[in-house]
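This structure is in structure tokens; I'll ask about it shortly.
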Amino acid sequence: MSDDDQSLGARLRRVRAHSEALAAPLSPEDQALQAMPDASPTKWHLAHTSWFFEAIVLGPHAPGFRPHDERWARLFNSYYESLGPRHPRPQRGMLSRPSLAEVLPWRHAVDEALAAFIAGADADTRARAWPLIELGLQHEQQHQELIQTDLLAALALNPLAPAAWPGEPPPVVAAEPGWLDYAGGSVEIGHGGGGFAFDNETPRHRVLLQPYRLANRLVSNAEYQAFVDDAGYRRAALWLSDGWAVVQAQGWTAPLYWRDGGLEFTLYGERERQPEAPVRHLSFYEAAAFAEWAGARLPSEAEWEHAATSATPPAQCFGAVWQWTRSSYDPYPRFRPLAGAVGEYNGKFMVGQIVLRGSSVATPAGHARASYRNFFPPAARWQYSGLRLALDA
Amino acid sequence: MSDDDQSLGARLRRVRAHSEALAAPLSPEDQALQAMPDASPTKWHLAHTSWFFEAIVLGPHAPGFRPHDERWARLFNSYYESLGPRHPRPQRGMLSRPSLAEVLPWRHAVDEALAAFIAGADADTRARAWPLIELGLQHEQQHQELIQTDLLAALALNPLAPAAWPGEPPPVVAAEPGWLDYAGGSVEIGHGGGGFAFDNETPRHRVLLQPYRLANRLVSNAEYQAFVDDAGYRRAALWLSDGWAVVQAQGWTAPLYWRDGGLEFTLYGERERQPEAPVRHLSFYEAAAFAEWAGARLPSEAEWEHAATSATPPAQCFGAVWQWTRSSYDPYPRFRPLAGAVGEYNGKFMVGQIVLRGSSVATPAGHARASYRNFFPPAARWQYSGLRLALDA
Amino acid sequence: MSDDDQSLGARLRRVRAHSEALAAPLSPEDQALQAMPDASPTKWHLAHTSWFFEAIVLGPHAPGFRPHDERWARLFNSYYESLGPRHPRPQRGMLSRPSLAEVLPWRHAVDEALAAFIAGADADTRARAWPLIELGLQHEQQHQELIQTDLLAALALNPLAPAAWPGEPPPVVAAEPGWLDYAGGSVEIGHGGGGFAFDNETPRHRVLLQPYRLANRLVSNAEYQAFVDDAGYRRAALWLSDGWAVVQAQGWTAPLYWRDGGLEFTLYGERERQPEAPVRHLSFYEAAAFAEWAGARLPSEAEWEHAATSATPPAQCFGAVWQWTRSSYDPYPRFRPLAGAVGEYNGKFMVGQIVLRGSSVATPAGHARASYRNFFPPAARWQYSGLRLALDA
Amino acid sequence: MSDDDQSLGARLRRVRAHSEALAAPLSPEDQALQAMPDASPTKWHLAHTSWFFEAIVLGPHAPGFRPHDERWARLFNSYYESLGPRHPRPQRGMLSRPSLAEVLPWRHAVDEALAAFIAGADADTRARAWPLIELGLQHEQQHQELIQTDLLAALALNPLAPAAWPGEPPPVVAAEPGWLDYAGGSVEIGHGGGGFAFDNETPRHRVLLQPYRLANRLVSNAEYQAFVDDAGYRRAALWLSDGWAVVQAQGWTAPLYWRDGGLEFTLYGERERQPEAPVRHLSFYEAAAFAEWAGARLPSEAEWEHAATSATPPAQCFGAVWQWTRSSYDPYPRFRPLAGAVGEYNGKFMVGQIVLRGSSVATPAGHARASYRNFFPPAARWQYSGLRLALDA
């Protein structure tokens, strides 16, 4: 077994274990909650990520592999049309069977099968399968973030305001305010070097940027409170037309989890909002309205990436909240999806969504990249999403 | 402690224990499932029936009583406007907290408080509270049936077709076919004598019935299959207008849990349909269309009750399926709801619903009565509901 | 030509002309408005009633008859499944073709064909066709009322509050307040004698009534205002459960066409509400809630009919507003629909609706009867619907 | 009066007259039809464009100007939040008043007021108001296209398949097939020179294009038929995820107005589809699926504009169908909306929409430009929308 194989195997074990660690404090009932069609139960995430390894890696590449339970593919296939029929997304919370007590042993069986596969693969198999194992690992990390955001959405519907887990939220590191200047010009963005990247980050290509400024830090709760206090949610002129329609239809008056009395709902229960903490759980519409109100704008994704990879990157690029950009999620020039089922991973979602950059408090360590293109519909608020202001220079 | 008190206490213990026995084979995940807004999770039923005793009996009548957890009233109040705000019905499945492990001890605490209350009450208290304890007991029995129908609706959404509990369904007792003649005339219906009845069964009153005939047995699966085979679901002329609209909008082609290959989904998993078994999980619309196709009609609720209490009652009145009548659920002449919060029990639902008579395989022993007025909206199919034919004589 | 034929022919001419007289003050644009799926444009009513004569009378019974335009049957068939496919009800307002300028000549062609048919029919044909002509005439009168209610619903959506026609509304005749006592007993209701009746009024049959009282007059605007002022729309305890849900979902706070400043919207434009005028444009839910608030109840349809045909009928039975009863629209004992397509006229709607009795200001002269069973869903408000109180005696 | 003024006045008269010429063959009933919330009645377009001149030009700039009827602003303001409340968009078809007979004189009164204003304005007024008159003129031209597309959508709902106007559709000019190569590089796009442009076409700016190829002609009916015949609408792999969801939910199997038997519905009634004619009434989803099926892609808007303004532009850029691009409708770098109410014209719609380029058979002469950015949601099909293929070179 080569060092690389050891490394891949070890990383895989760590990542897989982290998913279960996230779920460990939760009861089987907690792990079954589905707050809305867009969110999934914890147990479903634990199972889906295992199915992914079965369907993408072990089934096609491990000789003689048999799925743990053939009937489960239908339940835990998310959206891969080429991999067969799927249980309806809005009914993922209806799957009391298989139970959590069945899913966890499945996970371990998949772990063992992957370990054996890694140990025994020949060079050809490695060439074909290692990228898919890496993809499965990155995929599992994405679901680690969704475990948290989807659980938060579900617990938020409980009038008892329960805490998902004990303890204290991580402390907020406030950044220095200020503007940073970037000259722009003809710059390269997108993933180009070694290491893993999703297909949607490629190909690396050159774009033209005019000079611009980015805020050194994210918009804070206190700043967003000023927008709310200044009737931000009642002034149509600040909003994109679709956003204003949603504000009225949904009765939005504040970020998703803000609660009366200066509180916000978190995975640690109801907590006082920290004024200096980055505001979070905003839709793109709210981010854009705030920027309008502030006399600024959202950065384009190219501006964001260029600054983040510059010699003088702004603070809070990573680890606090995903940052809405003013860029629709369109394909990069000459973008090609991966071949096979994994080609459905990103490309087919490239319409009607907005790019977010950076990473959040829920993003697993080692998963973030400057070229990372996260994306959600403009009305989505249940992610750890906030904003950073930009200006023309 | 009087004999009556012992009897009431003993019945209460047995009924309360039966609820838990129904739930015992189910995992906490099973007990959390909510298939649709009209149905509730098992755990919710277990909790709601306990809340009912706290809110209706113990709180108002037991000196010094304190609820187990004050915050839970909001979660487990079903529809009593006079008893405070309620968690939205469609989100009962979102209540992972309190957990089943918290709800069961609550049940036992309520049981103990009721036992102590029964043991210690003076005559005045008895006069006021015993009818409410009896109501709570009957109420719990109603929820025992709902535990089964709501669970069935939830498990039916799982592609694995899981069995709720092991073992075999109770054997079908087929009745002799044939018609029974009833002279009608001026007859009395409604509850009038001793023993418990819900307010909607009163007052006993006199109605005029013309001579009629009732089928000695319920419509069977085989008979209903003939209706299906005769294009019953594709011939508008057989249907009430609203029924036809639902057939088209929902794509109905058979009873709710019929499955391909002569199977039906049950709490024992997928099973072969027994031809002679009463057809079940029909809406009123389907029952009425079948009767039209059969050249017959549904009985009125007065006809049903008169026959069931006659010297020659038809077979299968009780214990198989609830039987749709051709009577809308209107108040009886001079009906008065009970005073206080329990006045919301029945009266406020007296519009837009159809009366069903009899009882079903899911009705607890001792709960049925000839004067019992069950009611559901005409499109409801998730109950154990079937039909018996009637004719003018 | 017999006297009867002359009479039938003359009545037909008068009724047909009255429909056009109602439409005459309206522009083609007014006559094309469809406020909601339940309502139809004036032009559609004018056309549908003509189609009815073609499809029910002339086509089956007049030798050699050819429809004016065969393509129009699909457009103007309302709900007769047995008479072929139908244009979707919600899109009746999309039929700019045929134009009003085409529909009016069609009406006149039908009139002429009917006159010729009446003049030339032999005895056999008369026996078969006269009842259908009579049905068509009564049907047209029903649509004369709908022309007014549907137009009112459409004009009410125009912020200009336009008047449908010039002039003044008919004066309100206030009745004396008071209660009238009826002994009840075994009484007959339903149509039994000569003259026209719809099938749903038959057969005449005997029912038992306990002693009761009816208000001599209808509930007035002033009385209803007191209910509104007493928080009637904000007190759940007054409402049926379904009604309370509608109040909250729709935000109801007053009858449908009440407007600020003591005004109401009418076919004569916005007018001051007359305090002594019967309140109108109520749903059944509102009528029932008002009765609850007033410490009274709604009459059953049998009580209403018995009183209206007694020696001492209450005032305002006819000509002001239809009066909601506490009777669901169920079939009378031994009810049989008419044979053929006209069997779809009434029977297939006998579920989910409530009976109204009397007649309204919009009901054509000669159309009302004490045995008349009008029916609408409990949430319908766009008819001239009000209420009369009842009490147990 | 200067030559410029004469020219502006003359163009204005011609444009205004053209709107009425489009409506002239239509009855008042035709002009009142609203097929769906996104479409508006012809009469509404005629009125709205007049309101625009009153609200944007005459009210703010013509001394002493009084609106024709102050109550009409509410009815005919489309979406300008800053100009007061608006009649709900889905109910534009409910406005039988003001009648067409009132709207046409209003148009003429506005025409006269504009003519007088143009004749009498001093230099300062001109500087401020001429750009707004030009905007109103261009705005009216946009509505001339919508008059046609919205009317087509309405007449398509009539089973009689009526023709909007007599005569023959304009002949199809087929282009030569073939691919044209463009070198790309650093190119300028956006409006930069003299003449009118909407704010969303600015500022002119430089972008980087890689070498690419464009089809010389639009995709034809025959080519699209091959896609349909090759199960294009049943193969998930060809579709963006959102598009596939719409295909299934809406049951799409062909372009919007294709009808059985090789026909399509047009403003000239049902007509045979011409194989060589550009396919039209496609959504973006269908355009993208076709391109995927064809092994090609949609051009970006920058590619389209660069080619259209090159020395060798492809055929059929203008006058046939608007061409979906693969560009979301995002703001250009440093885009600034116009000041005042007209700032709501374009900018607030810059999310969730896709750019179309070119112009269609319904676009008025003189209205098209290479820098023109039309935009619609990706599911919209009622416009004259088709596609042109692109390839990486």
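Each chain carries a letter (A, B, C and D) given by its place in the written order, and its residues are counted from 1.
Quick note on the criterion: contacts are C-beta pairs under 8 Å (C-beta built on N, C-alpha and C of every residue); 3 or more make two chains touch, one makes a residue touch a chain.
Going by UniProt, the chains are A, B, C, D = Sulfatase maturase.
These numbers come from a predicted model, not from an experiment.
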Third chains touching both chain C and chain B: none
Computed distance of Cα centres, chain D from chain A, in Å: 37
Centre distance in Å when chain C and chain D are each reduced to the mean of their C-alpha atoms: 46
Separation of mean Cα positions, chain C and chain A [Å, integer]: 58
Chain A residues counted as touching two or more neighbouring chains: none
Touch-based graph of the chains, sorted into line, ring, star, complete or other: ring
Residues on chain D engaged by chain A in the complex (per definition of touch): 79, 81-82, 186, 205-210, 236-237, 239-244, 284-285, 288, 300, 326-331, 333-334, 348-352, 354, 378, 392
In the complex, chain D residues that touch chain C: 27-30, 32-33, 35, 43, 71, 74-75, 87, 91, 93-101, 154-155, 157-160, 162
